[in-house]
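In the two assemblies presented below, subunit A is common to both, partnered first by subunit B and then by subunit C.
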Partner chain A sequence: MAKSNSWRQFKAILRKDLVMELRTKEMITSMGLYALLTMVVYQIALAEAGDSFDVRLVMPGLIWVAFIFMSMLGLNRSFVHEKDQGCIDALLLSPVDRPVIFFAKFAGNLLFLMVVELLSLPVFSFLFLQGRVGFGNPVWLIGVVLLGASIGISGVGTLLATMTVNTKGKDVMLAVLFVPIMYPLLRAAVGATFAAVIGGPGTVTTFWLYMAWVAAFDVIMVAIAYALYEFVIGV
Partner chain B sequence: MEETPRNDLAVQVRGLTRAFGVRKALNDVSFELPKGAFLSIFGPNGAGKTTLVKVLTTLLNPSKGTASVLGCDVVSEAVELRHRIGLISHNPLLYPDLTAEENLLFFAEMYGLDDPKTRVRELLSDVELDHRRLDVVSTFSRGMLQRLSIARALLHKPDVLFLDEPYSGLDPHAVDILDGLIAQIRGDHTFVMISHDLDKGLELCSHALILANGKVVLFENREDIDVEQFRQTYRATVGTGVA
Partner chain C sequence: MKRNPLAEIMLGLGGLLTTAAFFMAFFWAPGTSYPDGRVDFAQKIFYFHVPVAEASFLVFIFTAFYGIRFLMTRERIYDTKARIATEVTLFFVLLTMATGILWTRVEWGVWWQWEPRLTTYFILTLLVIAYFVLRNSVEDEEKRAVYASAFGILAFIDAPISFFITRWLNSIHPIVFGGGESSGLETSMLITFIVAQVGMLMLGYAFYQLRLREEELRERLEALKIEIGD
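Our next item is the complex of A and B:
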């Protein structure tokens, strides 16, 4: 009898999801288009604000509203492939520990989310920050908050997408569960992004305080998702 | 006291009940199947046939009672058991956006096969799909999907093969290939097949089981079955429909 190996299984599930996404581009296209359209709407909404309005004051909130709703689109898609033609049954029939499925799906969702976020930021800067004052703190801090918040979004999102994939009206169900759970993370991510963008005395300290909040959320939520996954995906 | 599973049995089911809310899809089902047997399960839609196979393949937990396959309890020894069973369903259980080879290699990795590429090539040849190995599965016909599904189920050389209406929608060529593969491995394997085709099911089986409303109506050795009597029982059962 062959012995299954969790690391090999993790890599196989992640590679399979990457190959399928590269072939279909379903998640990245839907999330990317949503992000782009949201920014166009933001630009229209702020068109009358004039040059004196410092868009950096609202930028963190605008970005995270776009990213939260955009991530729901992608997360909804992440389990549709598994439902097609009953693939999830074949996956569950194999001798794979359920947490391995969670971590592989989580890693794939995180990767796709980060790609779209990193592509969206230059577009946002182009649309809103042209000719205006730049970021107050080093740009890499934005990368840190993107990574930290995306871990929480992907962890909770993977769990909820698994739970809701079999439900009627899964799109609505995911949103109803996802947004309230995400509230603390969203608040901290907006705070950290604000501190990174505005700059000035004490903002780096504020940034790291918010990041500690983000990290605590990530650890707690990913641990809860890991613990519940067998129950949620299984029987 | 809990009964120890017997070594000569492939499947041992005791008082198995599976409820979905208040509805019992399986209600106090008990039977034993020796190793090397071929069990055909018949019954009307909603009788609990697929639920029974899902419990035996560890995809659903029983609500009450016990079930073991090859001496492994379907709940407490599920991971070990999954190495030893395969499932061919009327659903192909394949990723439509992957190629035939990618699908099989993926599942070979999940089962931890030592030389996945060789095994995959060998099976693709057995099911006469080696010429389409680099084509994505979404371009396959129903018969080709089912042949690939058979290859997927046999990848890890399971000892017990579960077949959930495997002949459903197959063209005659695909039926011949499936018959050939079953004949080829029949001596070394135990089969549990759900079928709506009485003739085919009785032709293949060594044991037959009729389920209705989640209960066992009949469980007999093939050699003890009077075909005409069996047909009458089956027709009467199908006529009762579901609860």
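Our next item is the complex of A and C:
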């Protein structure tokens, strides 16, 4: 009974976020636009590199730079709404278990992040990788990295954004806390993406080694974030 | 709050031991030499760099430990203890960075190298700094304590990663203990190192205790001021 109750509460909170997003389309458009703008900046960064430069060598790094900053934008937005409209207070007053709030916000953030990632990746390929050789390994491997890393980003990000939304600097504070904490995950995500994009003998093994690293980070950090969330959201 | 004689003894003893280790390093422990026979003078920094680095990792444990204690009990003293521990960590981290950079310049010929140990330690530095930036940006006292505790616990995860990473990945950072055939020290070098390390940990303990006492006295003073003012 209690379990189905939690499940219903989880769905209710997630649906609230989805409905609000469908009505305003604020998160997806701002994150998507941010991703596009980042690509314009990348064009500037690569402007003098010349045609012979293989963009695939830096592509994993570039996309994760875009995704990490994009995710911070989304995470911050997601909690500014909760706070400004007093939603978080209402959630805390209602008889909802704190872990349910964590998992619902986590799922919502993960969903939005994945959607924008999946939309912007083809755009990135279209703009930067046209006419080049395709990916070295099956494309679905990139989907695996996207999912694995996004779980860590959203999980830990949900905890940190809940904190930083109550600080003076808000988004700047989120960056200060978020980027160093995320370092191990991002490093592994770039490694795995690189292995998937470049291809060649041995790269599949490398890919899964990096993915093991991503998975370890996800399990440990999301567990800690979940354990700490209860303390953080109440104050 | 009573005086803490142990902290004062540790301060004196730690100062004595680290100074002794300094002299032992230069006048007693044999220097290592390069393949071409020149004496490797830069190696002497090992007796300072490694003790401060180990101390930074060990003191940082208390940030996480008192963070957990605070979240469990909500007693303010644990937050203060965690904050002081992080202050001492920052002190050791900066010393480690400074000595490390000097050493890499001489030994590797570069000021900085993005290799696993240096990178993860750099991240650790940023996390420790971020801890204080976070504290400064929260006005509500309880929120500040809770957030800082949570972040301290999360940030601590990087310490074991940074410590063990030279053993997991290909790193050009030297592994002195238990790193295979070429690792390990001569007895006199080992003794010098142990003296330096023990001394540094004593100093770490003393800094922590004395700083904590200072903080408690300051808080008492503030409370008295308010009382008189009323």
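By definition in this document, the second predicted complex is superposed on the first by the 229 of 235 C-alpha atoms of A that agree within 3 Å, B and C clash if a C-alpha of one lies under 4 Å from a C-alpha of the other, contacts with A are read in each partner's own complex, and residues count from 1 in each chain.
The rule is short, and it goes like this: a contact is a pair of C-beta atoms (placed from the backbone, for glycine too) under 8 Å apart; a residue touches a chain by one contact, two chains touch by 3 or more.
What you are looking at is a predicted structure, and each value in this text was computed from that prediction instead of being measured.
**Q** Who does A:E48 touch here: subunit B (first), subunit C (second), both, or neither?
**A** neither
**Q** Hey, is it subunit B or subunit C that touches more of subunit A?
**A** So, of the two partners, B touches more residues of subunit A.
**Q** Taking the superposition as given, does A:K16 touch the first partner, subunit B, the second, subunit C, both, or neither?
**A** Touch partner of A:K16: subunit B, not subunit C.
**Q** Between subunit B (first) and subunit C (second), which does A:K168 come into contact with in this model arrangement: first, second, both, or neither?
**A** A:K168 contacts subunit C only, not subunit B.
**Q** What is the contact status of A:Q85 with respect to subunit B (first) and subunit C (second): first, second, both, or neither?
**A** First partner only, subunit B.
**Q** So in the superposed three-chain picture, is A:N5 touching just subunit B, just subunit C, both, or none of them (first/second/both/neither)?
**A** The first partner, subunit B, only.
**Q** With the two complexes superposed on chain A, say which partner A:L93 touches: subunit B (first), subunit C (second), both, or neither.
**A** Only subunit B is touched by A:L93; subunit C is not.
**Q** So which bits of subunit A does subunit B touch that subunit C touches too?
**A** 235
**Q** Contact residues on subunit C for subunit A in the complex?
**A** Of all residues in subunit C, those touching subunit A are 71, 119-120, 123, 126-127, 130, 133-134, 137-140, 142-143, 146-147, 149-151, 153-155, 157-158, 161.
**Q** Per the contact definition, I'd like the list of subunit B residues that touch subunit A in the complex.
**A** The contact residues of subunit B facing subunit A are 57-61, 79-80, 82-87, 89, 91-98, 102, 106-107, 109-114, 136, 152, 156.
**Q** Which of the residues in subunit A end up touching subunit C in this complex?
**A** Against subunit C, subunit A makes touches at 156, 159-160, 163, 166-169, 173, 176-177, 179-181, 183-184, 220-221, 224-225, 228, 231-232, 235.
**Q** State the interface residues of subunit A toward subunit B in the complex, per the touch definition above.
**A** Touching subunit B from subunit A are residues 1-5, 8-9, 11-13, 15-16, 19-20, 23-24, 81, 84-87, 89-97, 234-235.
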